[in-house]
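Across the two complexes that follow, subunit A remains constant while its partner is subunit B and subsequently subunit C.
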Partner chain A sequence: MASTTFRVFRYQPDSGESESYHQDFRLDHEEKTTILDALLRIQNEQDGTLAVRYSCRSAICGSCACKVNGKTVLACMTQVEEAKAESGADTLQVDPIGNFAPIKDLVVDMTPFWEKFKAVKPFLIPDGPAPDKERLVPKAAMEKVAKESACILCAACYSECNSLAADPEFVGPAAFAWGYRFAADERDAQRKDRAKLYSGDHGIWDCTRCMFCNERCPKGVDPRDAIEKLGAIAFQEKVTKDKGARHAKAFLISMRQGGKLNEQLVGGYTDPVGGVFNAPLALRMLQKGKLPKSPLTHKVKDRDQVTKLIKNVKETI
Partner chain B sequence: MRTHDVVVVGAGLAGMRAAIAAHEAGVDVALVTKLHPVRSHSGAAQGGINAALGNETEDSTENHTFDTVKGADYIGDQDAIEILCQRAPLEVYQLEHWGAVFSRQEDSGKIAQRPFGGAGFPRTCYAADLTGLVILHTLYTVCVKYNIPTYEEWFVTDLVTDDSGNAVGVVAYDMIHGSIETIGAKAVVMATGGAGRVYRPSTNAHASTGDAMSLALRKGVPLKDMEFMQFHPTTLAANGVLVTEGARGEGGYLLNKDGDRFMSKYAPNKLELASRDVVSRAEATEIMEGRGVDGCVLLDLRHLGRDRIMERLPQIRELAIAFAGTDPIEEPIPIRPGAHYHMGGVHVDNWGAAPHMPGLFAAGECSCVSVHGANRLGGNSLLEAVVFGARAGEASAAYAQDVGEPDVPSNAAAETQDRIEELLLRENGPRQGEIRDELAAVMQEKVGVFRSDGPLREAKATVTELKEKFQGVVVDDKGRTFNTDLIHTIETGYLLDLADTMVTGAIARHESRGAHSRTDFTERDDENWMKHTLAYLDDGEIRLDYSPVTMTKYEPQVRSY
Partner chain C sequence: MARQFAYYPGCVAEFSSKELNATTKALAPLLDIELLPMPQATCCGAGDIAEAKPNLYLTLNVRILSEAEEMGADILTICNVCTLNLRRANKMVKEDPRLLEQVNADLVNAGARPYQGTIDVTHLLWYLATEEGLSLLEERGPRGLNGLRVAPYYGCQLLRPSSVMGFEDPDRPQSLERLITALGGEVADYDGKTRCCGFPIILAREEVALKESHVALSGARDAGAQAMVTPCPLCHLAMDAYQRKTEQLMGEEYAMPVLHLPQLIGLALGLPTQSMEFKRHFTPVDDVLETVGA
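Now for the complex of A and B:
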């Protein structure tokens, strides 16, 4: 047997209490107990008002994402003793997922999440009538979208997303994983339109590449990788007018030319019009030594290695 | 009042497929679900969906039909099974056209098919071991495309009928906003899934509480073949989580503590791929006779090798590591039989229509057409959900187009409201959790893989006691917003109704057939018992009646694997 204190986020709008708070529940439990089982026992034995979303308890329905000691997990898949061992403390703090408004205790308003999901046109749009039997898809081509197809829409990635914290309108990791799942499906005929739809404001180029979505996804979907692959698709489809795409392109040109980053080129290319307004910033950067003194590209020694790298990346995407 | 032509309760495979079919037929259809659609338990189905596509070997719908009739232990309706198997390829192709990411054959690019239990040919189409998830998602994307209105996190408390007893809508509790409302309709399709939570352990989600069955039963609709609960042979000891039959389909062995592949004693031809009732009984026998390992037997996948496990069974590996602390690449997984799928359900015809209530339809696990009879074959549940979901959607739309405006009682929601107020006011009494625990324990112990008169009658007595105790049940949470305590309490009432029908049907059926295995009546008795059980609720008591099984061309044979 083991014993744990659960410091649970409480928000009880029906009680007239408009503020949230944390409440401690002490629970004796078997060594092998999941966070979800513990929460349900608290609900059953100590406080029936505790609200939490859950269903399958086998890591597939995606209902029970929450934060345990600040880290987003699926409650049903996380062992209490392992979480304690990780933090080294006897108390586990349980909070709702981040970046969403609370409804009651651990239950949050998922409306924005579903709206963003719907905004990526998450359905197959093929060309022409369907054949009598199945469409033939080579095994390798189907496997290209296998990882993203395993997304359970638990929103753990939204909970951890730094771009979303800065811009609530950012479409977000799971929705883009789904976007990639369709854009890269060879049965879909909307590759270019999807590239356009996913670029632009709050789109793929607004991702800060913090990698937390990859890190915390409980199903190994790697949404950041999907966003990156969508970037590649945008390039292949020549959807490169977006500032973010131009930034990436400038980066690439700069790499090709000199094997290292040339900030002047990147700044100018990314936003040739708006760049003028950034002149004072550029001057200050120049003074602080953050920009190369000469606009001419300085070349690194082993540039052929960089070229090889670029070629490798191109071939894998 | 909110109204639609057709209201579908439940948004798993059967519910969404029904809604899509009704939408395509041109009526105004809405989904009502106590979860978000993608949270539905269909998503937990792993191994696959059967259709005689013949992609791997020659196969035919006749083969599929015969295997299903035999698997059902000759109590499935053969006309319904023919419909199921004939429409199977069309539905699988339809799912593929909608974008389902089925695993493919290496060279041809056709849908790959794997062997499954009780099937003569590799007939099970799959998406790794995430088939249910992929199909659930596919149907959800179609619902998004069609913009089908969906009442998410609305818990249905009542089936509403008019003065003549026709189904004309439902009353539901909007969990987020806290209101109780009537949704009127010309036709109601029930698709709320199984009632596995009557048992513990169970492979089923916490939400699988058989809501629709109880809602229908309370309105006078009979439930069919409720005594037939399937125990899946491979569930994790820690929490009953499912390990797909696909693990054996891919070549996994079942071993006892001596390392013997014991299935050679019980099913010398099909071994691990005998039908589920046969394998579960074999495992239970090995464990009872002392050849188990800590109440389990072992599922050994090691010889499949890392690559095959990672490609075909990635989720199984993940779950075994998370819940059993076992990596199947390195060591065998301890498993045991666990409650999994309910063959019984709302008595409906081949179109999913309830003969006892005009306007009521049901599809999927909560219904009983019957295609699974006394034992469902693996890979046939996803299939049944889409085939009969589609048919119920088509039939309900046709009915709605034909019938006049419904006469929805204006006081329906108010009555529910009063009942819930009364429940919430009650102080001092048992809470639902303890009642549920006791119910699940007695069902597991006395209405399990093997049954006999004495324990069944004891179980009946306990269920009766618990039903009485439930009359004084107390809800801790008195609030209106997301009151899960209230929902669990109402669900517990549903579970008690259903347990009663299961036990009562089991006591009466004096034979062993499929998943209903009696140690005091060990043989199948076609002369007296080749018939469906119908359970009615009369003044709180279960009354049984029987109806004939439809046969077309398959005479009952001795069933061996």
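Now for the complex of A and C:
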């Protein structure tokens, strides 16, 4: 037997509690007990008002994501003793997932998540009339989207996305994993339209590459990698007007020019219009020697190899 | 005998943030490290080339790994982003011989050397935050940091994804803390130390980026830090060069000196102040120098 204190986030506005707080529950339990089992036992044995969202108990439905000592996990696939060993603490703090408004205790309002999910058109849009039989796809083609197809929409990625914390309108990692899953499906006829849809304000170029989504995903979806691949699809479809795409283009131009970053080019090329507002900063950067005084390229040895690679390496996205 | 590394400072340390490159070079002999130049090495693409042309990103990075392999030395980096990009490419081809074969075919066609998959990529922080590294620092640090209160700032890409980085627990990293303590400093702990500085999107989405860096800057300030230290020159630009813009946007004051990791070590080891080029910083470091007695 083991014993653990669970410090649980409580918030019950419908019962007249306008402020949230943490409440400690002490529980004796088997060594092999999941966070979800522990929360449900607390609900059954100690406080029936504790609100927890769950369904399948086996890491498929994606309902029970929560934060355990600050780290977003699926409660049903996280062992209490392992979480304690990892954090080195006997008390486990359980909070609702982040970047959402709480409704009651560990239950949050997921409306924005579902709205963004719908906005990426997470379904196949083939061209022409439906065939008589199913549309056959070679195995290799489906392997391209196999990882992303494993998403269970648990929002563990969304919970800790740093771009979302700064821009609540950002579409976010899970929705874009689904976006890639269909944009890269060879039966889909909307590749270019999807590239445009995903590239707008609060789109793929909002991703700050904090890598929290890849770190937290319980299913190995790697949403950041999907966003990266959507960038490559946007490039392939020549949807490159966004400042984020121009930023990436400036790196390609630098590579062509000499092999290393042309730091003066990157700022001006990314944002030729808005860059004017950054003139005071650019001036100070010049004064501090953080920008070169005249345009320059940095040429590496054997640059012809780089030139050939740029010309010859085929993209397979 | 000095440990030899193929030195990959990355574009930002080489150009915009020269003070980082200069300090690392000045510090290397004190750490028994020999930094071998990599004249063929290109930019790692910073994640940007990866999101425009993924196969080109991979091939360019494997070409960098191959240059180090030819030199017979592992790669030493001083930038989070370079570390992730090089390590990711290395992992991809080491785990997939068929992929390595394809990449090597492209390299050979372009007249470049094929890669055998024998090189490791490590960051200066990882090299020093080991038992041997820390005892070396304690032994070589005659002056120490005199109790300077330092907020460790890791940023993202030296920690995550841990499947590629893997040096330490990405949620409870301790390498910077151990280093600050070994150098005679005091750790100012705060939640924002593993959050994003926003730099990758600072030119394309400035406001979003500055709101991100605010989390770390305000956290360090509230923890009573006299300075922040970072292992990444991109984080440094976001925290230092853009600090005033973030103050204006958020309507708050941080007045937070931001040190590159080798500068913090250099201060403790008594490296001449001029060689660390603090004059290139936006936020003055005078109070830091005074506390340390430099």
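The rule is short, and it goes like this: the second predicted complex is superposed on the first by the 297 of 317 C-alpha atoms of A that agree within 3 Å, B and C clash if a C-alpha of one lies under 4 Å from a C-alpha of the other, contacts with A are read in each partner's own complex, and residues count from 1 in each chain.
Note that a contact is a pair of C-beta atoms (placed from the backbone, for glycine too) under 8 Å apart; a residue touches a chain by one contact, two chains touch by 3 or more.
The structure presented is a predicted model; accordingly, all values stated were derived computationally and were not measured.
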Partner chain in contact with A:Lys118 - subunit B first, subunit C second, else both or neither: first
Contacts of A:Ser87 with subunit B and subunit C, given as first, second, both or neither: second
Which of subunit B and subunit C A:Thr270 touches, first, second, both or neither: second
If touched residues of subunit A are counted for subunit B and for subunit C, the larger one: C
Touching partner for A:Ala166 - first (subunit B), second (subunit C), both, neither: second
Contacts of A:Pro13 with subunit B and subunit C, given as first, second, both or neither: first
Which of subunit B and subunit C A:Met142 touches, first, second, both or neither: first
Touching partner for A:Ala130 - first (subunit B), second (subunit C), both, neither: first
Touching partner for A:Lys260 - first (subunit B), second (subunit C), both, neither: second
Subunit B and subunit C footprints on subunit A, overlapping residues: none
Touching residues (chain side subunit A, partner subunit C) in the complex: 70-71, 86-88, 162-163, 165-167, 170, 205-212, 214-215, 222, 224, 227-229, 231-232, 235, 242-252, 254-255, 259-261, 263, 266-267, 270-271, 274, 278, 281, 284-285, 288-292, 298, 300-302, 304-306, 308-310, 312-317
Residues of subunit C defined as touching subunit A within the complex: 11-12, 14-18, 39-43, 45-56, 59-60, 63, 106-107, 109-112, 156-157, 159-163, 169-172, 191, 195-196, 198, 200-201, 203-209, 211-212, 215, 237, 241-242, 245, 279-282
Residues on subunit B engaged by subunit A in the complex (per definition of touch): 35-36, 38-41, 43-44, 53, 89, 92-93, 96-99, 101-106, 108-112, 127-128, 130, 133-134, 137, 141-142, 144-145, 176, 178, 205-207, 238-239, 241-242, 315, 318-319, 322-323, 431, 433, 475-485
Complex contact set, residues of subunit A against subunit B: 12-15, 32, 37, 43-45, 47-49, 51-52, 54-63, 77, 103-104, 107, 109-110, 114, 118, 122-124, 126, 130, 132-139, 141-142, 145-146, 149-150, 152-153, 181-182, 185, 187-188
